[in-house]
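Shown next, in structure tokens, is the structure this report addresses.
Chain nomenclature is as follows: A, B and C, assigned in order of appearance, with residue numbering initiated at 1 for each chain independently.
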Amino acid sequence: MRLRRAGLILLLLLPGLGLILVLIGSVIVMAFGQSVGYFALTGESGFSWEHWREQLDGRLLWRSFQYSAYIATTSSILSVLLAYPIAMWLRRPFRGSLFAGALLKAPLLVPGLVAAFLFINVISFHGFFNELMVWLGIIDRPIRMQNDRNGYGVIFLQVWKNMPFALLLLTGSVQAISDDVLNAARDMGAGSIARFRKVILPLTVPAMQAALVIIFIGAAGDFSFQAVAGPTQVNSMAQLMVRLKGEFGGYHEAGVVAVLLMALALFGSVALAGLTRFAVRAGMKV
Amino acid sequence: MRIRSLSLTAAAAALCLSLPSVANAQQDFSDMSWDEIVAQAQEEGEVVWYVWYFQPAYREFVQPFTEATGIEVIIPEGTHDGNFEKMLAESGRDAGDIDVIALGGSRHALFDQSEYYHGPLSEILPGGDQLTYELEGVDTNGYGVAFWGNQTGLAYNPRLVDFEDLPQTLPELEAWMEENPQWFGFNYENGGSGPSFVQSMVRNIMPEIDTTDGEVSEERLASLAPVWDWFLDRSDQFVITASNADSLTRVNDGEFAVVAAWEDHLASLQAQGEVGDHIAFYIPEWGHNGGGNLNGIPLNAQHPAAALVFLDWLTSAETQTALNQRFGVAPMHPDADDSAALVPNEMRAYSRVWTAQPFGDEIRNQFIENVALEM
Amino acid sequence: MRAGTINRILIVVLIGVCVLWLVIPFAMAILWSIVDPSQAWSYPDLFPARVSFQRWVDVWQNTALKDALVNSYTLAPSVAITTLLLATPTAYAIGRFEFPGKTAVQVLSLLPLVVPGFVIAVFMASLLLNLGLYNRFASIMLGHCVLFLPYAIRILSVSFGLVRQDLIDAARDLGASPWARFHAVYWPALKPGVLAALIIVFIQSIEEFALAFILGSPDFTTVPTILYSFLGFNFVRSNAAVVSLILVVPNVALMLVLERLLKSANPAMVSGKG
């Protein structure tokens, strides 16, 4: 009987989870395998560290790695920082709060590529922002802002697109805190900052971690924002991977980048989530 | 003889119906008369042309061909890399999606055309002996036929800089860049106009490097160091753009006075109203690369006869003249009229051949490592 | 009263920010989409010298937009329905059964969200090349199904969890046929979840770029890949503006429907908990 039940559950899991494991599993095997010389499309297939050595020798890969790590960390933290006060503001319904929430979440409806395009139109040399500043007489000649070297444009876009997502998670979590808990804290003499630090923050840690992790992974693997609005002197990891694969059919080289990108996504997001928990705990004790 | 080849055609046609892929893969056009090829082309009724740029404009441009022959031309989307990879990946299949594929001249150094293409076209096409089969220093031995000649150079905004003040020599360029910092832009990826400028600088700063030699060695790469120093010394005077198109859009916006560009690309964007007609183009005396695209017919094409008839039309003097008028490109037929280009003919003397491969590609990689990443 | 005033001020500020944030960018896109091809919008003109809908006509007639729309709008519903069918058994297991390793199952089902999209795209392409598979529609469809299964599994397992066991038992005791039981007990709890999953997967599939771009290369276009070609290599700002607007509008309409669905689902969730 128990065996039959276990069999039934396995059977039920097969089309959904099974398919996920098979496909994502083979994709990961493929990336690892090709990075060490297997599954060659042309030429000889066989184990070799050559592609790793070659990629690790050049500076291109490390610059891309650092750049993607920087964009992912900054974007995820900024999105969450910005989302918190808004989530607190929208915690209790008031006249217009639904409208405000809808306005803030609107960027969720805009596909990334469209967002990047809209943004470029506003900040380009001939764009709205420059025209306005020149017209107001604040500057004589338009400023060059497109493809800025520090990736501020990309970070702006990441926050634009992801802050609403963080807000969605945090609002739910903040609203779930009952008034009783907050009132009790107030009765015990906790000020609003202390209440935030000692009650709200710890209770919303899981939502905050989820938001950080998902935004981090998305931003680390970004291609479209970088391709349209990113600095031209450096590639993001995804961009580098696509370039290596596309221009030279270099699946082995792309494999090396893919493995490092997966490592960045995994360890970076776990580290970020861990640090958050640590920081919140430390904040409680102070 | 005639009867024999006719019956062969009939047999081939019969085979086509039953086993189209195998028959097409093995079809040999050297035995057939041109009339027979045209007849087979009518039967086939369509041709799929993989051309990697200006697809919307080409869809309009090929209409006269369809009106004259009844053969439909299908132009799918696709990039240079994507189309090339598809052609290689599909070569193992009996029937491919591609009937005609356009590739840049130097791309042909990467594979042996006689193993992938029908041909030699120089012996099958009626006026085949008048056409060009070698571009950018790569000879396709008659298997790829040139249909598009293009030229890199500098696009400039005459509202910001007069033609007389434009730099023509390396010292003039140095002085001009110093006087007008950040008024010059070029790309190093997504298009060849910037890389062409970089190759020009290699030729001018290090004349002792033989650019017809494609060999890559540590020693040759090390000899490029003065070129990278030249760029790094001026890194606050130029701007790296995202692509060919980005450069032209921004020179149109008034952000740059001068950018590296393709002549045909500029002409096409002007024809679409994307870039203003006032933006002009010149080839500096220090020389910029010129080259072009060739078409080939993959062995597993499903409409090979229609492909031949289409190529015959595309490379004819009339069509080449029309291409020159529509896109400003250099015609690839000796009898075509080339008066509609963006630059006067005497300027063509400054056209140079692309640096031989793989050294040419390596120059770009070195530029990324030594200049872009240092900036 | 004071809080009310602050809220009002904040809303005004918010509206101001949103004008910068949303209205101006979209207004610029509309403006670019109506620049007449006969005269370029170049420096130093503040507004296009001539406007018309010629761009819309050109983009419609000469670009691959029609194919892309057909592709996107055949792909998305196929993906939505297939994903729903694939997700249902797993969601049923998670929602209705307790078993060892359930948490692991839930975590593992999130795997497609954790691996960066372009890694999946590039190495799925490589996998298919190695296997010698060429059908791009089927490849993208398979990829999309796997990519969006996590959403469908998550939403549906919550829905299955809301189905009340006492009602199932009662229906059985009353001798209801399986179909009647499904119709009377399961469907009311599942309906909002099923519709929400369908819409979310549909929108995600329409918007998805990485797999469509890599697996569809070179000639299978969807709306986002065609937009990318207008933004990247063949940068044509006016065409990009037209395609952007075409991509966004149906999305907004669908999301409004979704919003209503989720609202109507709320009471069910509350009563389900009760």
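By definition in this document, a residue touches a chain if its C-beta (ideal position, glycine included) is under 8 Å from a C-beta of that chain, and two chains touch if they have at least 3 such contacts.
If you're wondering where the values come from, they're calculated on a predicted model, not measured in any experiment.
When chain centres are set by their Cα atoms, the one at the greatest distance from subunit A is B. Highest inter-chain contact count (C-beta pairs) belongs to A-C. The mean-CA centres of subunit B and subunit C are about 38 angstrom from one another, to the nearest whole unit. Here the spacing of subunit A and subunit C, counted between their Cα centres, is 18 Å. Annotation for subunit A: residues 125-126, 227-228 touch two or more other chains. Those residues of subunit C in touch with two or more other chains are numbered 42-43, 129, 232, 237. Multi-chain contact residues, meaning those touching two or more other chains, occur in subunit B at positions 79, 82, 85, 242, 253-255.
Subunit C meets subunit A in the complex at residues 3-4, 7-8, 10-11, 14-15, 18, 21-22, 24-26, 28-29, 32, 41-43, 46, 85-93, 97, 99, 105, 108-109, 111-120, 122-124, 126-127, 129-130, 142-143, 145-146, 149-150, 153, 207, 209-210, 214, 224, 227-228, 231-232, 237, 240-241, 244, 247-248, 251-252, 255, 259. The part of subunit B that touches subunit C in the complex is made up of residues 50, 52-57, 59-60, 76-79, 82-83, 85-86, 89-90, 92-93, 97, 157, 159, 190-191, 242-246, 249, 252-255, 269-270, 272-279. Touching subunit B in their complex are the following residues of subunit C: 35-40, 42-44, 58, 62-64, 67, 129, 132, 134, 217-219, 221, 225-226, 229, 232-238. Looking at the complex, you find that subunit A touches subunit B at residues 58-60, 63, 124-126, 142, 144, 146-147, 149, 227-228, 232-234, 243, 246-247, 249.
Contacts from subunit B toward subunit A in the complex involve residues 79, 81-82, 85, 88, 182, 187-189, 239-242, 250, 253-255, 368-369, 372-373, 375.
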